[in-house]
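The first chain written gets the first letter, and so on, giving A, B, C, D and E; residue counts start at 1 in each chain.
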Amino acid sequence: MSSSFVELNNVTLRYSEGDDLALDTTDMKIRKGEFIAVVGPSGCGKSSLLKLVSGLMPPSNGTVIVDAKEVAGPLKIVGMAFQNPTLLPWRTTLDNVLLPLEIVKPHRNRLRKHKQEYIERARDLLATVGLAGHENKYPWELSGGMQQRASLCRALIHEPDLLMLDEPFGALDAFTREELWDILQNLWLKRPFTVILVTHDLREAAYLADTVYVMSKRPGKILVARDNTLPRPRDQETTFTQPFTDLVHELRSHIRDVRAA
Amino acid sequence: MSSSFVELNNVTLRYSEGDDLALDTTDMKIRKGEFIAVVGPSGCGKSSLLKLVSGLMPPSNGTVIVDAKEVAGPLKIVGMAFQNPTLLPWRTTLDNVLLPLEIVKPHRNRLRKHKQEYIERARDLLATVGLAGHENKYPWELSGGMQQRASLCRALIHEPDLLMLDEPFGALDAFTREELWDILQNLWLKRPFTVILVTHDLREAAYLADTVYVMSKRPGKILVARDNTLPRPRDQETTFTQPFTDLVHELRSHIRDVRAA
Amino acid sequence: KAETPVKFSLDWKFEGHTAPYILAKKKGYFADEGLDVTIDSGNGSVGAITRVASGAYDISLADINSLVEFNASHPDQAMKSVFMVYDRPPFSLFMLKKSGITKPEDLKGKTLGAPVFDASRKLFPAFAKATGLSLDDVTWKSMDPPLREPMLVRGDVDAISGHYFTSVLNLENQGVKREDMVVFKYADYGLDFYGNGILASRDMMENHGDQLRGFLRALVKGWRDAIANPDEAIAALKEVDPLIDTDLETKRLNMVIEDNVITDEVLAHGMGPISNDRMAKAIEQVSLAFGLQNPPEVADIFTSIYMPGEADRKIK
Amino acid sequence: MTKRSLQSRATPWISAIVLFLLWEGIVRLFHIPDYVLPTPSASLEAAWKFRSAIWMHAAQTLYTTLFGFAIAVVFGVFLGALVGSSRAIYNAANPLLVGFNSVPKVALVPVLVMWFGIGTVPAVITAFIISFFPIVVNVATGLATLEPELRDVLRSLGATRTDILVKVGFPRALPYFFASLKVAITLAFVGSVISETVASNVGVGYLMLSASSKFNMPLVFAGLLVIAAMGIIMYEFFNIVERRSTRWANRANPTG
Amino acid sequence: MTKRSLQSRATPWISAIVLFLLWEGIVRLFHIPDYVLPTPSASLEAAWKFRSAIWMHAAQTLYTTLFGFAIAVVFGVFLGALVGSSRAIYNAANPLLVGFNSVPKVALVPVLVMWFGIGTVPAVITAFIISFFPIVVNVATGLATLEPELRDVLRSLGATRTDILVKVGFPRALPYFFASLKVAITLAFVGSVISETVASNVGVGYLMLSASSKFNMPLVFAGLLVIAAMGIIMYEFFNIVERRSTRWANRANPTG
């Protein structure tokens, strides 16, 4: 089916008049329930792309369409983990994770009554990412990687239809990171939502995504959209298979070309 | 020679009374001019360790000795790249990089007279990390990876005797990252300063360090100190050699054990 | 019977010279007239006039000369006084004996201190004219009321203007003996002004004339009792404002009684009425002093319609 | 811990005592007459002597001040939120606010008296109009300088403007809100006292004016001390509330 | 761009005109007499009629205000830096400051007049003592709530306390410093005008008092309008300086 959930048509972005383009004629089509990854050199416009799709910024040109409507302002169906954890310093970790429930319908109306239930849910989520016992700490009492994990929980808690992750595992050690890959994959397999993942880790992209987009250096532009048909669920074993390694190597060479260009 | 430049004796750290330990009886000896790397699971106390050595925090117990003096307050010989870029938002990128020169002697006294010379130096440094042309942008006009690189420049500009890097390449793509490894290694080979590098990338640790310390999970404790005698200068080729791959695998298995423990 | 509420604004704070009104209220004289009077402290004659003019208050105590000025600047809202309280005005100038000033001519080239709104200062042009001084002969320095006596004592100014019963007592408090003061009372230099009187709002005059008359009757009773027994009046005042200094305010009340209220005229005809000729002359002098273009007639300033009968005006 | 908190509780007292001793010393040394500046001891003596009157007047002043201040807080936060959240309103409102606040409020008291008579109402209104501006300014500044990164966290959830205000705007601006309360409460006291001196039969302002017309300068200064004391008590109250609610902002406060 | 800046320049004028029309309308509609509240048109007429006198008085007031304000800025920043950088000083100084500022400064003017005579000096001092407190509070709050992450950047370089203050403390607190300036300049005007009403022969305060003693309320309000206008001019001046120096803090200001 070609009906796409997220669609970018000829989108360009310029941060301010007179500036260079940050994003150049970008076209994308993402199916409902698709898991895509975006890779590209630093500063090429990946974070900007996420902001466009989520409606935090308007494009300078072209249109962004999500769920068949042109995006005109921030969307209500998004869960977003920013590149910096951006936890609110006056809230405990638990309260930070609960934040989306206070905003997003239908949870905001149910929160009062089902407070305990939601708190349980948040605690469980925090426990899956290894933050059990840190719920009542303030963000500034957490290490960098712990903050990042809390921020991931915040993006997930309200089960958004569109999940945007901007390098969500960047500050984590390899093992924690791979554990979280599996957790994310399982969530997604259980209840397919649409995911846009920005990452520098090509193995991560190959492990998680249905399609990997490779962007050129600044001004960013989609150069390659590589389908990844490795069977699901993927696991440790998958990473040792030849197709996986080949995919990673292919992506790697794309990026090398991009940077050399 | 056993005369060590940085020495931790039986150091423990507790953030506040009643809290669990963040760092448990840690001992370290770092020679002058040594390049060490610290790896360990997220939240194990790596960033805290850096803060102890630089004198930003006092240990709860034990002593930290740098350059034969016990550390009692912030040191003046340190260049530090924090885990978050922490650039000052009211300064342009260039001015952010120039900041240490306004503080640290002898530069602060020379800055007025030799302003142009120092600006050239900062521009060159920014150019080496790929930020040429972005000098006059404010930090919030830079992408995450670009901010991290600017922060690295800020740590290097005043040629500190002791360089502390807290995951300095975490937000960069593989290629930019590897380029920066070489740049850092070359600087270090030209003028050997002491480096403490915190990283999650085991290849990074193996590529750059003379000694790799592996820490246990919280409360952090040094479990392994692995010498790395791979010949210098190391380059792309090195990463394809068996000893390199073995070292990475060995570190990997240490970490797995640590996490499992 | 139902009491008519009446809001009455004094010209100044609760001090000795306002004790008679308090006493009248305390002794129930207002209530006897069917009035429920609220007495509020004031902030000077200007405020006392505008408070009534705007209808915020029904009755107030204010300087009649200020009323002349108000009526001249607001002819369409002109108000009338209905009762004169100070038959002799308290306007005066004060000097220290050591300054060597003994007669008005000695003021030439001197510096005088007072607030701009002080009635004695505003009327100084009339005093100057009466004593042959020219306005350029003196320099004025403006200052808050409480500052002027200390400034005089310290020699920052050579003379000050003010109400007699205020400044004399203030100077005494500064340690100046009565015999070391030189006082020029305007009244002693042929300036036949009137002092403070009672104003009533238009509504009061037009619709509640009887009550107004009753108010004035009660007011005279208050004065009568206060004159007979000042201590009792001050005691009543102290109930309203426990902070007052009894001796000081008794002194002040006595000064007002002797100096401003009891004159031959008042002893003869009772408190309240004015002489048309004297008022006409006063208006002329005031208009000159204030530089008013079209001085009002006496009838524009004062009305005797509400004046209580002569027996009710007797103060002794 | 206890030692430090004891010490930190003692310091204001110590500094107050030092100040009083200095003041007393200077007045005595230079033989400053008491109608210029009475000694603190004379002032305290007067305060004690007239304690029951002072008590009554102080209660009235405290009441009007707090009333006016409460209105100022509500109105100030509301206006500050409005001004801080839109550049257009900022441009439209700010010059008028500044102009209005440059004007001595004492000039407006007579106008108020015309409408409301003398007494409590003008004092409450004066306390209100004199004290709301700092709150507006700080709340508006807090909202206008909110880090876009934090704002985006809420915007990405499709939050309404009100949500953003409530969930990040106010908490972020809280330390400055409290800062403005400290300024505002002092101004509220000034406002009600000033209004009382112009138009009231009760309140510390009336007390001071009446004392000063009776040459009782020690009592005037006793009134000043009472106002100061009430100001300090209110301040300590906000301080406690503030410490509870903005611990995060002072997380690395040097405790030395 | 130009259109928007034109528009944003027009808004304060528009809102001022709207306010004036409202004011005029209400006064006329309810037949409020001019000694209670004159119309703006009458006030402007009075301002024009007495323009040369107003000009002279306004110049004096502006001079004393700016003089006092300048001292307040220097002193306020200094004291704010002190109070904001150490909890001990904070504890010692803050209650005293709050107490002092709760006191109506008009009560202190006579004391100043005794020492310095009538005229400029007491007005300058009053403008100063009335306006420094908001600066102290905001600078101190700005420094005390400085993000430890930013502070650590400097500390890790072995920076002195002064360095930290100059390089991160002040720049970080700058938006709030400007916020406090807006409050402080309005208070400085209030201070000098009040002092002029108590003891001076020149200045807008004197002009207003003298006008009000002559029942010339339109001239009183003309004086108020002149003060307001001067306040707005000063505010616009700071606004320009602020916009240049704190662009970073308003980086994502909604321009809608």
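The rule is short, and it goes like this: contacts are C-beta pairs under 8 Å (C-beta built on N, C-alpha and C of every residue); 3 or more make two chains touch, one makes a residue touch a chain.
Just so we're on the same page, UniProt names per chain: A, B = Nitrate ABC transporter ATP-binding protein; D, E = ABC transporter permease.
This one's a predicted model, so the numbers in the text were calculated from it and none came from an experiment.
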Subject >> Steps needed, at fewest, to go from chain B to chain C via touching chains >> reply: 2
**OP:** Using the touch definition from the top, list the chains contacting both chain B and chain D.
**Re:** A, E
Subject >> Type of chain D:chain E copy interface by residue overlap (half), same or different >> reply: same
**OP:** Let me have the rounded angstrom distance from the C-alpha centre of chain C over to the C-alpha centre of chain E, please.
**Re:** 39
Original post:
Approximately how many whole Å separate the CA-defined centres of chain A and chain E?
Top reply: 49
**OP:** Quick one: which residues in chain C touch 2 or more of the other chains?
**Re:** 50, 54, 146, 150
Subject >> Of all residues in chain E, the ones touching two or more other chains >> reply: 36, 114, 148, 197, 212, 246, 249, 251
Subject >> For chain A, residues that touch 2 or more chains besides their own >> reply: 84, 140
**OP:** Provide the residue numbers of chain B that touch chain E in the complex, in ascending order.
**Re:** 51, 54, 56, 74-78, 80, 82, 84, 86, 88-91, 99-100, 102-104, 138, 140, 158, 164
Subject >> List of chain E residues in touch with chain D within their complex >> reply: 8, 11-12, 14-16, 19, 36-37, 85-88, 91-96, 98-107, 111, 114-115, 133-134, 137-138, 140-141, 144-145, 148, 151, 175-176, 178-180, 182-183, 185-187, 189-190, 193-194, 197, 205, 208, 212, 220, 224, 227-232, 235-236, 239, 246, 249-256
**OP:** Please give the residue numbers of chain C that touch chain D in the complex, ascending.
**Re:** 7, 9, 13-15, 40-41, 43, 47, 50-51, 54, 56-57, 145-146, 150, 170, 173-174, 240-245, 248-249
**OP:** Going by the contact rule at the top, pick out the chain D residues touching chain C in the complex.
**Re:** 35-36, 50, 52-53, 110, 113-115, 117-119, 198-201, 206-207, 209-216, 219
Original post:
Okay, in this complex, where on chain E does chain B touch?
Top reply: 149-150, 152-159, 163, 167-168, 171-172, 174, 246, 248-249, 251
